[in-house]
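The first chain written gets the first letter, and so on, giving A, B, C and D; residue counts start at 1 in each chain.
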């Protein structure tokens, strides 16, 4: 029963900005598809506008943003605002990868990205099962809300 | 736009040049005549191309690692540290990925923030932001040659600034840039950008400043080697046509020593053969074995083991150069200490292995090389056939039709039907060869190798296996 | 005193036993019956001998490193750390050198000071001071088998205490102890002490508690391999006569992979052959490739390279066990972190190499092994001839006359005319074979190898070269 | 001229206590012989008494004590006193090797051994040329003194 809560959920995925690291998100997409989600995969070097366009077009429930090169602090700010402007106020925003450069404390980094509107933020050694569990939980909650 | 493998004439070259230098203010700092004078004032030992040829003559395997951080001052110290404490033989500057994508304004903001906070906000050295004035300080800071490390679609401006600053080589090549660093840029556009860069290198070379092109032909994360070698052959023909006289070929290690060493041998041999066959007769060819470039183990000492395996492959294949990853590869841009430590490990291991004339089992190596060579020739000959002898025309058609193809491409124009998987010895085999023009002998060989592993583990290899194999090394396995 | 290779009978054994246990108060804690019960309560996976046999059956190369610090509590944590963070396959306890020389009173003072100051005042684990009560806590602390590491002249009391505590093997053997751990103790005395230890192991074995003897036959710092192998054969015959059923043979790597791997192969083969020829038919033989044991490089990452070379030799020679030095070898007794780091490096490298069935060039390996085997046979046959078939009598005479001889012995009774030096590939050759019973074919072979290097460097090899070769690895060279 | 100051000097060498690490002292002996000293080599596992006996017998000018295993703090105290008792008040005592265990500060360790009567104390990475230079200087000074 619980597993079915997300059977119709649609996710837009991509690597943001000038970043070309696609391997991680491809693997993640594979796992998400196996878990029953519908995936709209944009690939590498996706702009904020492209993410939003695809989400609007496919009525997506969440946007999965990947960033590996360490430029997330440059590439992701503004995405939540643009979503709100585009009428995607409640869309889930997930962020993962190797977000920053150097010895930045994870808690600091997580907080900073949550503060600018991401619902979930993950370090690179995250278990995919955890992501899926979180997503299922969030979807259920969203379900209640909508 | 119709691109061919034809040398740019001076008119075309200088017209394009003017436009490129105008794309950002620091472009105006480039003065070719002044640059040539500067290069001529440098000792030969600071020339990357010449150092590689010397290594080949002496039978050396040199060592370097990747590095690039935002500010000139800190990066100068960093490079000096690699030279003095890491005993690096060669150096380079990794350019940040904003610059690689012509986002120069964002780069300048990132640089400012780096300077202000003392944190590395950019993932490399922003060469365009620093211009010739800043970049040349790197050359002055050390006694070793430097290469621009900037694989991306359009590195024309970076090449102009880097060469004018005293760099004597550049990495990146059309197929790598197109298949791994772009999503929707047409193939011919990428090639034309590289033709410019290669012509610029040729121009320096014709004026007694040898420039070396580092050519890889694709990216080896579970990519069967023959498509990469084929790619490197095509890109070498493109570089040679524009007048490049020094080519340093990269074989990207995947972990099986026999296959990685065979890759070095076949890459060297076939590139030389096709260059000569197409009339490029005076090209200096050297090799670079680059460490496994997929996900690295998080632990420092697990990482040491993976670095060791790469070094062993380099020595076994008699490569002139070995590029090692650092012990912090899985973490972030490495500190200078991490880089120097990795270099010392590599260098000492090279000394240990070189001085005993380390060799893998000959028969295995020969068998692997023979098969690789056959596969490579089939691909390249078909590409050249498609282009009526023109490598560029052929390569574009081949990619459209999947006659040339690589796994996990970032480009929407690449089929990526080709997929690799490890066999029982960890060598990468075609689990899907897509539309590559292979004979049944070759197809059966790969099938057999895969069947061997299937038998051993008692189940079919599938996408799940590919996913597992991609990250196996990061778990210490093969 | 006239010693022969003859099994101690129960009378002799128990009489000697009583005297030994009386030499120090903790001797009284040893109760053979209780010890057997305790051993039988342990799972098979905590038995060193059985784990090695399992490794042989499965084709594994296991890993361990040396460790030993003074206090029970800290050493228990240390060992657990090696197990959990280093992923060690096997463990051991290095005994301090005061205990090794029966200076038990000084040891107790050192232990007290260690406990009081929290500093390691002793260079190992003082097993006699801790007695069975203390030592057994080590066994309880981990899930892996432990071996006593206590090469020295007289380890009878340590063996009694260690085995009673749950240890399932011991290292050290007559030739090593005599030639490297004593100055003026007669050969026959050393042998007789070891006969006791081996009889004790046999006694446990006969009661279903397999004990493994780690036998090395000498010490390999620029010592040509054939004398070491000959020594190991003799010592194996001594152990087998006393009833030892599990022998783990050590080949001490000297840096040339072909020679080190050949050493593993020939050691295994010849020991088995001589054991069978002398009628010892049911002995389980396994191998241990031990890392270069001379001076180590001071730098952590240079040390990593030397550890890697050792591991590579172990895998190439298909050794069941690889003992690595630690990255702090040049410094002092390693911290548990340094040990665990070294183990992880080694283990990951083993995984990488094993899973690809790593092989050296076969022809080179065969040629090296063939020559080694010939040399070894000449020495051993002569020793047995001198003893009329009795290994002990023969060995004592052979050492007196230099028919058996090793370089740099600490014993005044060893001629030490034999000297090794590296050839052009870093393999160790006889620069002086003293009185070893070699044929001219063999003598010429070594001369040629040495001449090759002399030609290459343009000068005669001499004592200066030996000195240089002894420390070359610590400078990263070979 | 200066080089000749030590041409007749005699040195007793050995590894003290239960220690068997002879390689270092052998190499040192070789260098000292080359430099013109007369060496009385005792080898491994030499007791304090054996050192003194040999020094008396050969009228040695210095005793070279090596200790690698880390037990120098246990093995060397008392040597100076025994020398004085034996009438070797002025004999030079040199100590070298890997004297202690663990991360002991070199200055601390050097001072401790000098305090108990050693004239010179060396860490393991010492250049042999330095030892020879020191020894020549000490011999000259001794020459003046006697």
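By definition in this document, a contact is a pair of C-beta atoms (placed from the backbone, for glycine too) under 8 Å apart; a residue touches a chain by one contact, two chains touch by 3 or more.
On a predicted model such as this, the values are computed, not experimentally measured, just so you know.
Subunit A and subunit C, compared by their mean Cα positions, are separated by 57 Å. One finds 31 Å separating the Cα centroids of subunit C and subunit D. For the pair subunit A and subunit D, the distance between mean C-alpha positions equals 70 Å. If you sketch which chains touch which, the chains link end to end in a single open path, with no loop closing it. You'll find the chains touch as A-B, B-C, C-D. Interface residues of subunit C, counted against subunit B in their complex, comprise 255-258, 297, 299-302, 304-306, 308-309, 312, 341-342, 344-349, 351-353, 355-364, 425-427, 473, 476-478.
By the touch criterion stated above, subunit D contacts subunit C in their complex at residues 18-20, 22-23, 26-27, 30, 43-46, 69-71, 73-74, 98, 100-104, 124-125.
Taken together, the subunit C residues at the contact with subunit D in this complex read 97-98, 100-101, 103, 106, 109-110, 119-123, 180-183, 221, 294-295, 298, 330, 332-333, 408, 410, 412, 463, 467, 470-471.
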